[in-house]
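Beneath this line is the structure, given in structure tokens, with notes to follow.
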Amino acid sequence: MENIIDVQNLKKEFKSYSSRQGLKGAFRDLFTRNYTIKTAVDDISFSIKKGEMVGYIGENGAGKSTSIKMLTGILTPTDGKIVVNGMNPHKEREKFVKTIGVVFGQRSQLWWDIAVQESFRLLKKIYNVSDQQYEEHMNDVIETLDIGPLLDKPVRKLSLGQRMRCELAAALIHNPSLLFLDEPTIGLDVLVKLKIREFLKKINKKYGTTILLTTHDLSDIEALCERVVMLDEGKIIYDGPLKELRENWAEGKQIQFQFSEKATIEELQSLTKEHLVVWEKGASDLVWVASVDSDETVISGVIGKVTAAKKIADLKILEISTEEIIRNIYVEGAVRHG
Amino acid sequence: MGKYIEMIRIRFLMMLAYRTNYYSGILIYSINIGAYYFLWNAIYGGKENIQGLSITQMTTYLAVAWMARAFYFNNIDREIAMEIKEGKVAVEMVRPYPYLNMKMMQGLGEGIFRILFFSVPGMVIVTLVFPVDLSAHAATWLFFFLSLILSFIINTQINLLAGIATFFLFNNDGLIRAKRVVIDLFSGLILPISFYPMWAQNIMSYLPFQGISYIPSMIFTEGFKGNEILQALTTQAVWSLILILPIYVLWTIAKRQLVVQGG
Amino acid sequence: MRDYVSVFFQYAGQYLKTRFTYRADMVVEIFSDFLFQAVNLVFILVVFGHTSLLAGWSKDEMIFIYGFFLVPFSIFSSFFNIWDFTDRYIVKGELDRILTRPVHSLFQIVLERMELESLFGVGTGLIVMFYAGGDLGLDINWYDPFIFILLVLGGALVYAGIFISLATIGFWSDSKTDIMPMMYNIGNYGRYPVNIYNNIIKYVLTWILPFAFVGVYPASYFLGRENWYVFAFLTPVVGLVFFMIAVVLWNIGVTKYRGAGN
């Protein structure tokens, strides 16, 4: 399938001034200034195919926003090549942005003082959408996002969740084939989050909309994206399926036993001596945790041996969460491709 | 006291950090004075003096008035309006110093910066280019600086009032703009008050604005002499005391409103 | 082009709706505009209380020039409210939003920041002109209104060009500057006959910051000052040139935009 986004050796540098200390320093700054060059995005390449939903993750300052801003034509790259929807975003900005939708979670697209539908009408004019197209498409969007009752309220009177749903609808007025979402769920409660996720899945399926999403909340990514691109210090450190990321980085599973009677470490170790197991004591003498490889025979072997020998009150298999995995990756700072 | 000095210092450093602002500031101030000089030359058109001011005194008046403006002028009205609109004032209220005093000190920091780094070099340029008469007596300088400090106080108080008014108006830009225009006209910045027709002068003598520009500039050009100087300084001092009252009243009401609305 | 016109009317309609919601502010704003216009008139009146001619120009002529100046200036202030561009759009990053929309960024800012109530100044200007022109006994030819429109548009473009160019500084340096408000002061000097200034200032007001093309040059056509006709008719040309320079600077500037928070 065709590539919607094609990025090659993209680079963005910022020049920033540093000021000297104290009054004397400030005075010297009047005449000469120190500056440093910071590379926010450092030589990244990737491509995204039509209909994909991709999660773009990274810590603050990893270069997420900067690269999204280059992809949407807001910033000019220092170096490298970007082709999105067959265009150079910055060079052909006005033509290009008609084909994309953008939602910045922390910045409103809507006009503060006027009613939501007035904002929609203004955007409809700006994007030159015909009445017929608008009716066809937006009625559906408004219904799915359940914002019909909000349309005649001014934006400043909406709650954050209500506003975000309207923002999302506003970004879709021209039914773009590609949607950029920068922190769309920041500060929202669970129900609104769920609604938004559901909606995104729906438009992805119905219109084949390609979605690129940055978020702090990994549950968004887990719910929506098959693929993640992970950035660190301006470089891509992982690009691949979310599943593979988990398999490669989630080193094994943990089995937590709660015994009805006291157990000792020697006893447990001798029970499971044919497998590679690390036993650790849990919250009390009755709770023990076995860390094992993610291997079916090992997991069932350990459980079988232990439950045959000892009475248990409870049993849990714990999976290491994506969040933990990602934390691990950043802590280790390793670059390992899936 | 220490914390206020720190605030003045920080503002001072902030001003120093914007160097485009600095260079363009000196240039534009000089152009302003230059343009006014020629304008007044044309107005005098060979006349010896108008309303007791010679052309040299008039030039000096203009130069001093504009340079003094660098000291008393500040944007704290706009800053207060902005902080009220963005709801930052509530945060500032929690801090262990009176908000208005802090704003005044920030204005003072800016003023000191401008007088040292704009007015002094600007004045040097202007004196070299235009016939400005700076050879005044030591006493004149002393009275001038005293008057300048009072003019700063009066102008800042008026700015505080305009800023606080944001609590009561949804959009305060219009009022702030109007205030600026009124001050330019009635303070004697663009025209010495003695040039106005008598009836206008009478009205203006009941307003605080003359204390902002007219009085310090007249003292410096020695348009005021002897007793007139003391009278003028007293007028300034009285106004700076009177203005405390409306500020206090409006601020008290505003604070109450802030508590009720939660900012 | 047709799209831009219809987008313009859409915005203007919204603008009026919002404005009528906050009627009190609108009144204050119109009032402060009037005050601003009155101040300059007062200056002229007071000065002519002490002299009868200013470098060969009479009081009524000066008032006429001022009346003319108000017309292009009011058009400029209604549509090019960009004195706080750096603060509003660069530092706060509002330009991000602008740049994700398929309309030229400068045009969008013009639309967002318009203040149509400033157009009242056009009326004030016309009244002042007719008053002074009546005193001077000026005749109006059938083609004069057309020339007037042409010169007014030229003047408004001069102002727009200068202030847009200044605003583009924000793309390169987002530090605070007070240049804009100070430039408003300098703009006033174009209202006085430039022959009162020395050559440097005259040159600056004609070719570098050509504010003279918003006041004294075009007005001198209507005042019948034939020796300045060349400058009067240069007004639209200078306006176009300065406006085009500004747009080019703007387009270059947009590529240097750094985004907020960097």
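Labels A, B and C are assigned to the chains in the order they are written; within every chain, residues are numbered from 1.
By definition in this document, a contact is a pair of C-beta atoms (placed from the backbone, for glycine too) under 8 Å apart; a residue touches a chain by one contact, two chains touch by 3 or more.
No experiment lies behind these values; they were computed from the predicted model shown.
K.L.:
Going by the contact definition up top, give me the pair of chains with the most C-beta pairs touching.
P.N.:
Top of the contact-pair ranking: B-C.
K.L.:
What's the farthest chain from subunit A if centres are computed as the mean of the Cα atoms?
P.N.:
B
K.L.:
Of the chains shown, whose Cα centre falls closest to the middle of all protein Cα atoms?
P.N.:
C
K.L.:
Hey, how far is the Cα centre of subunit B from the one of subunit C, in Å?
P.N.:
Once rounded, the distance between the two centres reads 27 Å.
K.L.:
Using the average of all C-alpha atoms in each chain as its centre, how far is it in Å between subunit A and subunit B?
P.N.:
It comes to 53 Å between the two C-alpha centres.
K.L.:
Taking each chain's centre as the mean position of its Cα atoms, how many Å separate subunit A from subunit C?
P.N.:
47
K.L.:
Can you list the residues of subunit B that touch 2 or more other chains?
P.N.:
Residues 17, 19 of subunit B each touch two or more of the other chains.
K.L.:
List the residues on subunit A that touch subunit B in their complex, please.
P.N.:
19, 23, 26-27, 29-30, 33
K.L.:
Mind pulling up the subunit A residues that touch subunit C in the complex?
P.N.:
Listed in rising order, the residues are 14, 16, 40, 65-66, 69, 72-76, 90, 93-98, 100, 102, 104, 107-109, 111, 113-114, 118, 121-122, 125-128.
K.L.:
Enumerate the contact residues on subunit B facing subunit C in the complex.
P.N.:
Where subunit B meets subunit C, its residues are 17-21, 24-25, 28-29, 31-32, 34-35, 38-39, 41-45, 47, 50-51, 169-171, 173-175, 177-178, 181-182, 184-185, 190-191, 195-197.
K.L.:
For the complex, give me every residue of subunit B touching subunit A.
P.N.:
9, 12-13, 16-17, 19, 22
K.L.:
For subunit C, which residues are in contact with subunit B within the complex?
P.N.:
Contacts found on subunit C: 22, 24-25, 28-29, 31-32, 35-36, 39, 42-43, 46-47, 49-51, 53-55, 169, 173, 175-179, 182-183, 185-186, 189, 192-193, 196-198, 201, 204.
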